[in-house]
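Both complexes below contain chain A, partnered by chain B and then by chain C.
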Partner chain A sequence: MRGGSALPARLIQLGFVAAFLALWFVIGRTGAISPLFLPPVEAVWSALTALVQTPQFWAAVQVTLTTIVEAYLIALALGITAGYAITRSRFATKVLEPIVSSIFAIPITLFLPLFILLFGIGTASKVAYGAAYGFFPIALNTIAGLAGVENHYLNAAKSMGFSHFGTFRHVLFQAAFPVILTGLRIGFFVCFASVLGGETISSVSGVGRNIALSAELMEPARMFAWIAVVIVAAILLNGIVSLFENRMRKGPA
Partner chain B sequence: MTLSDANIRRPAPTPCPWLRLSGTAKVAWTQRFIVTAFLVIWEIWARVGGDAELIAPPSAIVRALFANILSDPDIRAAIALTLFEIVVAYVLAVLGGLALGIAIGSSTISRRALYPIVLLLYAIPQVVLLPLFTLGFGIGPAAKIAFGFSHGIFPVLVNVVAGMQNINPLYLKAARAMGAGRADILRDVVFRHMVGSFFTGLRLAMTMTLLGVILAELYVSTAGVGYFTKLFAETFDPAPLFALIGTLAAMAIVLNVIVRTAERRLTRWKG
Partner chain C sequence: MPAISIRNVTQRYGEPGSPQSVLAIDNLSLDIARGEFLCLLGPSGCGKSTLLNIIGGLMAPSEGEVRVQDVLVRGPLPDRIAFVFQESTLFPWYTVAENFGIGFKYSGIAKSEWGDRTAKALSSVGMAEFTNHYPSQLSVGMRQRVNLARGIAAGTDILLMDEPFAALDEQTRMVLGEDLSVLLAETNKTIVFVTHSLAEAVYLSDRIVVMTARPAHIKKIINVSEPHPRLPAFMLQPRFSEWRNECYAALRDEIRQAMAAAESNGDPP
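== the complex of A and B ==
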């Protein structure tokens, strides 16, 4: 938002959201769209307030959050380790980077039935699926970041007497950090979306399962309430991650 | 020239054939070796230690590909249906994304106001809307096409708007100085500048459309590939399951390669 005031744009955005809610309200009143497909906004609101008071809601949220965190930590650990190990040799980078990136070109969603087959219908399959999805952007960005560090930085560090770890800590890591950070952000959102997707498609618990379940039980107001929760969570997480990312970018560099 | 002369002039052969290979050839051979070794280890592991209900060796998967997948007219029809869904969803997403992108990107005020909303919608994991799509469009191909479309339209839209945004102001100034009107500038400067970014959008849109259609297929399907993957997974029949997934993966790779090749060909003029 360079130049001029951002105020009119903000106003239009708020107006857009207000118009959206008003339209939704009017449609609910007139019944232009079947309430089965689009329940009235008041019904969704009361379903939402009822929902957050139930212990089942918090149990489902906890299951999903735990799954996302586990999947992300696995993706993070494996992705960074793999990226670091592969870039230790220029030859290994040339051999393995194309293999990793061409596997990533296949939609991993195709393998979801395999994950269910191998890890069962519980949370383990969603952890594995989310971790597999999150692994690739993290590993590929770690490879790109570390392999992109110019050789003369490393030589300079060596000639100035840096130890192996010192070179990693002060040169390699610092230079690769912005690219790795991008991978960490993409990996997180990929993890988030794929865990919810896995839960929606086949699961026995979690937020995604509850969305699918309320659709199966023909309770659209409840389903919209769940969807609203996810949308708000996604917007909040987006804000938190950008805040965190901005701070990290300013921090170590 | 005799044979012995030719022998004398040839440089002394390096003892190991590996060392004679060029750098790229070494990389290619190592890649082939890794893939082969992976398949061999998988084959041995699946035959010796693996659970036959969960894992199938590659040889059994290839056999299942011909015996269960390609020879079954129902499964062939399901694969063709999925391909049809992907193509229709992709074409609609590209056309819709282009039209909406131009509408949003062609004026500063609409871009300022609407583009953040688009980005916000793009950040929402759309998969949670999947049950809604099924409620709205039924369990047939329409829901898959709609879900693929809603995934594919965002990358096109975002890239079209971004492409119309970052134009060197000198070009605009020059065009205006030469007497170009608003429509002329849009047609001759803005659209041309957008092309590269638009093709990036086309490539990403294919990835996303594939994701959307496959997700919708897996969620609920009565005749598509989702039905058969569920069937094989629930009957613990891994060989045809792996074969079907492999076929779809191959289809996805081919579609991605087509889009990428088109991108490279059509943006070559940019140099």
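== the complex of A and C ==
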């Protein structure tokens, strides 16, 4: 974004949201779409205000957030470790990188029933599922970042007598960091989406489960209220992640 | 005792006798005196940089040995040898001062000296006010000045320079060459300098070692008996042209041979 245009850009973005809500309101008034598929915006709003006052709401949010955090931390630790280990050898990188990226191309959703069989219907299966999905973008970006470090930086480090750890800390990690950071961001949202998706398909608690349940119980206003919660959470998380990312990317652009 | 002594160094890639085996350097011996400025001149791909990396301990030779001040080189010796590479190897994620500091840290220089050393080296290349800049905020020429200063700041007796000015335009290159000549006349460092440029070799060197096409050995050694520091007027002297022509005469056949070898290997010309 060029300097000075931040305010108009924000206004246009808010305008889109307002226009969307207005369109939804008009559709609700005209009854063009059956309220079973798209309940009026006022109905969703009142369902939402009722929802946030129930203890069940906060319990479900807590279950889902805990699941996402656990899944993400596992994906992060395993993804970076695997990426580092693989790039220690040029040969291993050449052999394993295409394998890791092909597995990522497979819809891991296919294995969700297997995760349920292995880890049960509770949160453990969603943690494993989210971690499995989030692992790949983190590992792949770590590989790309570390394998892409230019040789002349490594040679310079060697000539100045850097230790192994010093080379990792001051050269490898620094050079790869922007690429790894992108992987961490993608990994986070993949984790977020797969935990909610997993809950919606098969679980006993959490936000996703409540969305599926509202649909089954023919309560579309309630379902859309839950979805609105997820959308707001996604926007907030995106803002937090961007803020964190900008803070981490120090130095001049 | 020579500052650097190269004894029967041979460098081979691949298994000896196999068809992929390439002989890069063939039984090369050379003594480099203390305080000498020595240029390695040769056709592209002849193994000049390989030899430099062997001297500096970044690479182990297949056969033979290198001694630096009578110490056998088995790996990098950051307290005795500093490198200045072809491309600017300043780490772009650190400021100029941080780049110097990290080098000092691993050379075992006390932290209290870092600031002084950095300031002194930077002002010797006219970059004193750029201590807290990131490399990306400097021009290519300025970056290479700072890169050079980092090599000098290490305070080693030996400086190995691998085409340090190759990425620069001709004008910047000449100015930096002049500065280098003045700068190094004061320090009495032993310098091994790899270059493609005949004029640069004659302008800077005490001795020019002309190398053959692969496998590299010494074709001719040319003494440039001109006192330091040299001024640009030196380039206008007839003796400058004579030395330059002498280098070219020695190199000519080798360049043709290197080109022919590259063609027969199917390498792009």
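Methods note: the second predicted complex is superposed on the first by the 234 of 253 C-alpha atoms of A that agree within 3 Å, B and C clash if a C-alpha of one lies under 4 Å from a C-alpha of the other, contacts with A are read in each partner's own complex, and residues count from 1 in each chain.
Rule of thumb we're sticking to: a residue touches a chain if its C-beta (ideal position, glycine included) is under 8 Å from a C-beta of that chain, and two chains touch if they have at least 3 such contacts.
Keep in mind that this is a model prediction, so the values were computed, not measured.
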Should chain B and chain C be called a clash or a fit once both complexes are overlaid on chain A? fit
Quick one: is A:A32 in contact with chain B, with chain C, with both, or with neither? Answer first, second, both or neither. neither
Now for A:H170: first (chain B), second (chain C), both, or neither, which partner does it touch? second
Vertex chain A, Cα centroids of chain B and chain C as endpoints: angle rounded to a multiple of 10 degrees is 80
Let me test your reading of the model: by the given contact rule, A:A18 touches which partner, first (chain B), second (chain C), both or neither? neither
Per the overlay, which chain contacts more chain A residues, chain B or chain C? B
First (chain B), second (chain C), both or neither: which does A:K158 touch? second
Rounded to whole Å, the nearest C-alpha atoms of chain B and chain C in the superposition sit apart by 7
Which chain A residues come up in both lists, the one for chain B and the one for chain C? none
Per the contact definition, I'd like the list of chain B residues that touch chain A in the complex. 23, 26-27, 30-31, 34-35, 54-55, 109, 112-114, 116-117, 120, 123-132, 134-136, 207, 210-211, 214-215, 218-219, 229-230, 232-233, 236, 238, 241-242, 245, 248-249, 252-253, 256
Where on chain A does chain C make contact in their complex? 152-153, 155-156, 158-163, 166, 170-171, 174-175, 177, 251-252
If you look only at chain A, which of its residues touch chain B in the complex? 1, 6, 8-9, 12-13, 16, 36-37, 91, 94-96, 98-99, 102, 105-107, 109-114, 116-118, 189, 192-193, 196-197, 200-202, 207-208, 211-212, 214-216, 220, 223, 226-227, 230-231, 234-235, 238
Residue ranges of chain C in contact with chain A within the complex: 56, 58, 76-79, 81-83, 85-87, 89, 91-94, 102-103, 105-107, 134, 136-137, 154
